[in-house]
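Sharing a structure, written as structure tokens. Questions coming.
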């Protein structure tokens, strides 16, 4: 067990973080907006954490960084991301589909280039020695697992609330939603801001976990990878992105581990080791074929719900009668 | 900025812009027919550059399964580029059959196809790395320009203004113009071109008119792979093949180009390529990578359908 | 201006086509007002202008004393104007219940945190919204299928669900765009009764686009006739029926 934790502690924490990133892309998608801006806000959050912990709070790599200060960084990152998201979202969310996707990618690229040019973000080198609140990677689970559960709970409840219904209406048919009195701009921007805040918070944690932050974090590659989490996992229920984020993050490592299995012929083992990203790519392509709705679909829930009637619905029916 | 420098930069910009345009045309062709973004195009582009290298009989580096191997033939650069393009086109055809067609037959969401093409891009890029490593490769300039009888640089100086331009830039501009002209001719003046336009207009009607839609789609993928592969070679020529990821960053710019110009619009892709290529050349080098996207963002705010795209009117 | 809805010199062009051409009329409070005309006459476009889904090219429009010419669709909906669509625009992959619940957006206040934390306010709102939605679904005989996907319903049921959704906005003015399209004569007769019934019960003003002449004549207090975007007649059913211009428009080539 101890060995497993040392080997895979980092991976497990990363899985939870990637699942949250997937949720950050899912939030605007709930309102029908294909935004790939998450990595930009994630990068922003990471820089906030790196700069604050080193320059504002003055901690060094040798010191243990107090957990409450991580929460302070999260709050600051959330505020900054929210403001930036409003500034970008209000004009950009008039765009549709792939045009919006590209405009948000533009934001990701601009964040990267700005960070490359700024003194405070360490330019091309980045920021080293970001102090850590935990001594082992695995210990971050104490922070990231509750965060993930909280994020899941948040989205779950949101989907079943007035605001969540307004989002679904926009996703289904923006014009009809507007004719029903839903202000499209307002709710699209709201969904976009929530995604941005979540991505920023994930960036904060990841900067500490990685011990360093630079412009190679939160690039365009991350955007399309996170999109793959959402689409492969299933884009019509919040559990899809979570499953996609967890599984697809683990997959390359699972392949790497499989290479170590005793008794595999040498070429196979070598291919699993060096060619694992080839397999990863092929699996994504094959995944779209076999799971066109994603791994997890709302239909599964409907079936589950039919078998287990909801207490709330039952109560309502009684009230009705 | 003096005139000399300006001209030099302008030529660099046009040459870069033309390559962007040619590359982006591969996206646009497929988009106009199927309405999907084929992300694997950026990997096919990279493959084209590597195929050309292989057909020139040059040997691979020290890493990867094919380390130090080379093909037993030594084609001249131009032929190698064409052969590389054709093979890249065939790869695109295989991708269409293996990945796009099955999804199309199920009426899949375009986003799903995008992700699938993304998976293929990841697989191909890593396959390249697995086979020939991550190092940079370049075409020896003597073997490129020598057979064409061209010097490494052209001296266009006048007594008042010295002006020396690397020949490859001019070669790239000419090659791109030739490709563009052939493509326009193909689309406007041939039977298959007319069929392509008919399918782009409306696939169902086209097939009712007796056009074999499936074959046209296949041909479009081949064409897109072919010009993508040639564009990859041209980029390899101008900046070396920087590694398996060559096409990924380029692919992103290519997307910016087609969206800027207007999706599925050929003149739009050329205009978008030139705007971005020239703007990048004149921008300070530290901001170079952001320029394309700043322009894209601003233009989209003013014209959500891109420069030459048709505005979509929502029917109520 | 005491009229419920008034449009003044309203015009909308699409390229060279004048879809609505200098149209002026008023709809009085409490009326059932018919809008008829041949295909392509501009009836749906007029609805789109009134609900803000299509911007006005020129002219002005008012709801009671409020000018709505430049308003956004959601602002116009908030004034109390609801509509259905000729080509049915339900939220197809949501349940019938969700469709109707969504339309009560304007009458609820719960924000993100109310919803997520399930505050007492959110809970009481949810209960009211649910109950009222079920009431409306019962009115259109869809309560037993409240949890089914809207797009799985037969055509006629989808039309009635759209009316229920529009009623959920608790509008003062209801615009119905060919609610009887695709229904058989029996269903149309039922629909007429239903429209008369909701007109009474919800104290509504209704504007109705309908091709079926007997249905319009039987239902409407006044009728406006559009032809090629132009208002060619306006009056009581019998007056309109005998108007030579109308006969010309319907029978002429």
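Lettered A, B and C in written order, each chain numbered from 1.
In this text, contacts are C-beta pairs under 8 Å (C-beta built on N, C-alpha and C of every residue); 3 or more make two chains touch, one makes a residue touch a chain.
Small disclaimer: the values here were computed from a predicted structure and weren't measured.
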{"item": "Chain pair bearing the highest count of C-beta contacts", "value": "A-B"}
{"item": "Most widely separated chain from subunit A, with each centre as the mean of CA atoms", "value": "C"}
{"item": "Chain nearest the overall C-alpha centroid of the shown protein atoms", "value": "A"}
{"item": "Interchain centroid distance [CA atoms averaged], subunit B/subunit C, Å", "value": "50"}
{"item": "Mean-CA-position distance for subunit C and subunit A (Å)", "value": "41"}
{"item": "Centre distance in Å when subunit A and subunit B are each reduced to the mean of their C-alpha atoms", "value": "31"}
{"item": "Interface hub residues of subunit A, defined as touching at least two other chains", "value": "175"}
{"item": "Shared interface positions of subunit C, touching two or more other chains", "value": "53, 85"}
{"item": "Where subunit B touches two or more other chains at once, by residue number", "value": "316"}
{"item": "Residue ranges of subunit C touching subunit A (in the complex, touch as defined)", "value": "51-53, 72-74, 77-78, 82-83, 85, 89-94, 98, 101-103, 105-106, 108, 110-112, 114-118, 122, 125-127, 129-131, 134, 165, 169"}
{"item": "Touching residues on subunit B, where the partner in the complex is subunit A", "value": "37, 39, 98-99, 102-103, 106, 108-109, 111-127, 130, 248-249, 252, 255-256, 259, 263, 286-287, 289-290, 292-294, 296-297, 300-301, 304-306, 312, 314, 316"}
{"item": "Subunit B partner contacts - residues on subunit A that touch it in the complex", "value": "34, 91-92, 94-96, 98-99, 102-103, 105-107, 109-110, 112-114, 116-117, 175, 220-221, 224, 227-228, 231-232, 235, 271, 274-275, 277-289, 292"}
{"item": "Sites on subunit A touched by subunit C in the complex", "value": "153-154, 157-158, 160-166, 168-169, 172-173, 175-184, 190, 194, 236, 316, 319-320"}
